[in-house]
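First comes the structure, then the notes that go with it.
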Amino acid sequence: MQAPIEYYLVLSAVLFAIGVAGVVIRRDVIVILMSIELMLNAVNLTFIAFSRFMGSVEGQVIVFFVMTVAAAEAVVGLAIVISVFRFRQTLDPRDMQLLKW
Amino acid sequence: MIVFFILAFLTLLFSLLVVTQRNVVHSAMALAATLFVMAVLFLTLDAPMLGVLQILVYAGAIMILILFVIMLLNPLSIEARPAAWWMLGSLGAAALCLQLAALVHRPAVSAEAAVPASFGGPESIAQSLFTDFALPFGLASVLLLVAIIGAVALAQRQR
Amino acid sequence: MIVDLAIVAVKAFLVLFMVLNLAGILGWVERKGSALIQDRIGANRASIFGFAGMGLVNTLIADPIKMLTKEDFIPAHGDRLMHTLAPCLALFPALVTFAVIPFGDVLVVGGREINLQVANLNIGILYIFAMASLSVYGIVIGAWASNNKFSLLGGVRGAAQMVSYEIAMGLSVIGIVIVYGTLEPQAMVRAQGELFWGWLPAWGVVRQPLAFLLFFTAAVAETKRLPFDAPEGESEIVAGYHVEYSGGKFLMFFAGEFAEVVTAAGLVTTLFFGGWQVPYLLRDGFYFPWGSVVSLAPLTVTILQVAAFTVKVLFFCWLQIILRWTLPRFRYDQIMRLGWKMLLPAALVNLFLTAAWIVVRRPV
Amino acid sequence: MTTNLLRWIPLLPLAAAVLNVFFGGRWGKRFAGILASAAVFGSFLIALRVFMLLSPDAVLRDTLYTWIESEPFKAQVSFQADALTAVMLLVITGIGFLIHLYSTGYMAHDEGEARFFAYLNLFVFFMSVLVLADNLLLFFVGWEGVGLCSFLLIGFWYEDPANTTAGNKAFIVNRIGDFAFLLGMLLLFWEMNRLGVPSLDFAALKDAAARIAPDTAVLITLLFFIGATGKSAQIPLYVWLPDAMAGPTPVSALIHAATMVTAGVYLTARLNFLFVLAPYTLSLIAIIGAATALFAGTIAVAQNDIKRVLAYSTVSQLGYMFLAAGVGAFSAAVFHLFTHAFFKACLFLGAGSVIHAMGGEQDMRKMGGLRRRLPATYWTYLIAGLALAGIPPTAGFFSKDRILLEAYASPHGSLALWLVGWITAGLTAFYMFRQLFLVFHGTSRAPESVQAHVHESPAAMTIPLIVLALGSIAAGWLALPSRDVWDPWLQAVLGRSNPAEHGEAVNETLLVALTVGIALVGIAAAYFLYGRERRVREDGPLWGTLAQKYYIDELYDFLFVRPFTAAANWLARAFDPGIIDGAVNGVAGLVRGISASGRRLQSGNVQHYLFAFLIGTILIFVYWLRR
């Protein structure tokens, strides 16, 4: 028996909040990136749930695009992390404040 | 239903581990597990194609990339946890969570729509992707190309 | 319902049994094969109650016993959890991949159709790649958890190598997916039952020879065996990612590697060499191109098919072992260059040509 | 009457200038001169053709395109040619061509020949735009353009700082006049707009002139006259012209004797319908002109530099022209402009020939006895000198005589003006022949090494001299008392001004005799003092004052330059750092002070921002859900 859509949505909300917490709390850029992926996945889950319950495949297509964007984001984000680490020897976002003033 | 609860429990467990594990690699592995479980969740929602893509793209490519970068940089320090900041962040996230959950009680789609057997398969997605979403699809490929070039340019050692 | 579950369970057990044992046997075959190539005798000391003649069986049993009884050593400051998890992660994908590889046609027993395949997914090919992409975890995690710079180096090498070759592998397979028009392995195998010009079996290797070469090369690279064994490269980084492994965990890595060999052989067979297809053998017997017909009972046909599949898989396992003992190891940069600058462009060209051919043949 | 002939007069030299700028260096020096001369000769031929086409009261028009269109004002790049323009065009292109020809010889050994000819052609372009312009705005373009070319050519040998200083001086002094000109133009436009004729076309101006308020007319004409004093080197802005002799001699001949400096005279003549409305201005012009003539004449007496004598002489002769204009005799002014162009160009070119022969020496005290060595130069110099002194039957006699006649007899004239002019005529003859005797007569005072190389100039230089010398004689015959063709030709443009028709009867013959007499006295004095050898000691306070040009430069330096420099220094040292920078820095400091507290918000830590973002999102949700 299929669970009702609310369950999926609540799960998605909790997942999203966990991702937000990770982004705000953690002091490691890589973990922050991972938390962003978590948030994206929470959204993906919502899309797929709605797609299923509304019987429209378009939600899944959007998830497809979200994955594309996530891949691009991860690649560029990691490249930035690498070059920052190469210059500053740190992954702590508190140390990355070159644009401060 | 039971399947959903098991999967949801695992998802939440692993995702919490992502945020709470002090070791980056543990976090990454927890995230990989989360993504894997979510792929199964997708399968329960008649999205087999995306479930497999989830594993292929997220678990198989993005996470490997992240792990690869972790290995490459090999940050030794285990980060500290300032309690106040954790409290603050968690409270904020919890508040957001409550707000989002509150939205769910608004009228949503309740009944499950009837779908054909091929729903969520490669053909149905491709059908939509190459007709209605042809332009975004092209743009997405351009985006990937740009991301590749950008990443190479960024990570290249300065000469 | 319960019968269905039971049938699936039996099929899964059978496949696992076959693959794992084949992996064990390959351990012995490798020893003997290398000895053969190097003109020496090879493993000849394991004896049960003084009986050394049954080398295969002896080794098959003796090796695991030896390994399992060794001390399970975890390095200081290593990550205990991950160190234990890694071998499982290495073995798991190789085994589950086999779930979608059909080893025979549909068998009808008592009015119930039994598909000789553990799981018939309509996106089987994608499933294979998804699982193959997971196999990197074992190496990377194991390498990292060992707290050893050599193993870390091996892990990094392995991750880079496998990610690189996955792309070439995937692209080379897309060509054949286009040709067959399906992602379902069983359907692919069925499609290979056709004949060109009435006599030539329409196997994948006939339709896509370039794709076969690319796929096979990439698959060998994915198994991290010579000539692509830079991740373990014992002359450079001791033993690479599993340098800190011993006992049962090492056995799992070891078995995982051979399971990958078997899986690779199974994939090549399924995609390019007709899977369980025997030339001219249809559901009820042989129909030779020169017109003669040999009728056979369905069960016989099924047995023939499974046997054909097994023989093909064994052949490709053997081919990989010969390759390993014939070719020298590539340098790391050579591996990367081969993957990115030769296989990938070649795969793209193949893909483009195939797509163009399809468009020309079948205008939409 | 319209024609598209006129545009080619300026365009030919412009094209040659552009070609010389870009390709002159590549085509070789010889070619640059030939190209430039050919272009000006082409312009001369066209000018001749235009002259043929014209009748005294006709106007040729050639409109190129609309330059500025800002309702209701509209300015066109449009050329017109009437009788006055035709005279000016012939002078500019004809004498300009001769000087170009001369320059091909004079500048043959100079590195920057292509540049020189490009500038020279550019000058001809701007000068012809100036005289051809049919509105004040386009006129102003030419006016500024010739100033620019003058600056470029004075400082042509820019390696020497003295030359660039002279160029700067010319430019800056001219700027003062140009500013007044601009003000005058704006005021005129304002007045025209008030009259409902928002235009600066000369034709429109002429039609509306009668309606201009008298006081405004005085102010406008005064401003224009100040502009003219700058360009035409009148008191008090004459100081740049003597220094302008730093440029190559053909430049002095063309720009600083024959053409550009006469632009002021041309301006007053062109706008004569305005000037006649302002008797005060006219009186002032007459007084300034007479004063300048006398003043510069006295200075010229005491100069030893061959070109400076001629420069002050030019200032003095320009004074004559303004004297004529000031008494309302514009026709006489333009006539003197015309004749003066011939003999002064001839004198300058002759001086150039002398300098050329002397290897660059300009000090007359080191010359002497060149009569035999440079026969062609000598004879042409003598003729031109006679013309300058006003000895009949040379051109100078007719034109100067006419001015003096008008100064005495015209309704605006007076005995005092005539007297000043008369004395100046004597001074002119004296300094001219002092120079002639010093340079060409007596024995040579040059060092042996220079003497050995003295030689007559090449044909390219002597032919223009001869042509100009002939012109110096013949140009005056246009206004023979019996057969005057000059006044009828210009009457339509400049109005009638014939003293014979006015009030008191004048004994014309007596005036002529007096003028010629004082000129002869001057020549005699020069011969007596300098004829064979120098018989006068050139010292004493009076001589010193004259030689030092009445210390005018020093006075200007004391009155204007030093206070200005001091003020600028004070601004730079005290005002700018203290007040301006202080204000700017103060504002910046204020902003910095405010932002110092604000910037604490910008921790640079992304997570702080994200947290703020999160809080904001939650608040929006709360608002949205509560709504």
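Labels for the chains are A, B, C and D, by order of writing; each one numbers its residues from 1.
As a working rule, a residue touches a chain if its C-beta (ideal position, glycine included) is under 8 Å from a C-beta of that chain, and two chains touch if they have at least 3 such contacts.
No experiment lies behind these values; they were computed from the predicted model shown.
Highest inter-chain contact count (C-beta pairs) belongs to A-B. Distance from each chain's C-alpha mean to the overall C-alpha mean is smallest for A. Averaging Cα atoms per chain gives one point for each, and the point farthest from that of chain A is the centre of D.
Look at where the CA atoms of chain C average out and do the same for chain D: the two points lie 99 Å apart. With centres defined as mean CA coordinates, chain C is found 34 Å away from chain A. Rounded to whole angstrom units, the spacing between the C-alpha centres of chain A and chain B is 6. In whole angstrom, the spacing between the mean C-alpha positions of chain B and chain D is 84. Within chain B, the positions touching two or more other chains are listed as 49, 53, 61, 65, 70, 72, 89, 92-93, 96, 100, 103. The set of chain A residues touching two or more other chains comprises 20, 24-25, 27. Of all residues in chain C, none touches two or more other chains.
According to the touch criterion at the top of this document, the contacting chain pairs are A-B, A-D, B-C, B-D. The residues of chain D lying in touch with chain A in their complex are 599, 602-607, 610-611, 614.
Partner chain A is touched in their complex by these residues of chain B: 1, 4-5, 8, 11-12, 15-16, 18-19, 24, 27-28, 31, 34-35, 38, 41-42, 44-47, 49-50, 53-54, 57-58, 61-62, 65-66, 69-70, 72-73, 75, 79-80, 85-86, 89-90, 92-94, 96-97, 100-101, 103-105, 108-115, 119-120, 124-125, 127-129, 132-133, 136, 140, 143-144, 146-148, 150-155, 157.
The residues of chain C lying in touch with chain B in their complex are 79, 81-82, 85, 121-123, 126-127, 129-134, 136-137, 140-141, 143-145, 152, 155-156, 159-160, 163, 166, 183. Of all residues in chain D, those touching chain B in their complex are 611, 614-615, 617-618, 621-622, 625. By the touch criterion stated above, chain B contacts chain D in their complex at residues 88-89, 92-93, 95-96, 99-100, 102-103.
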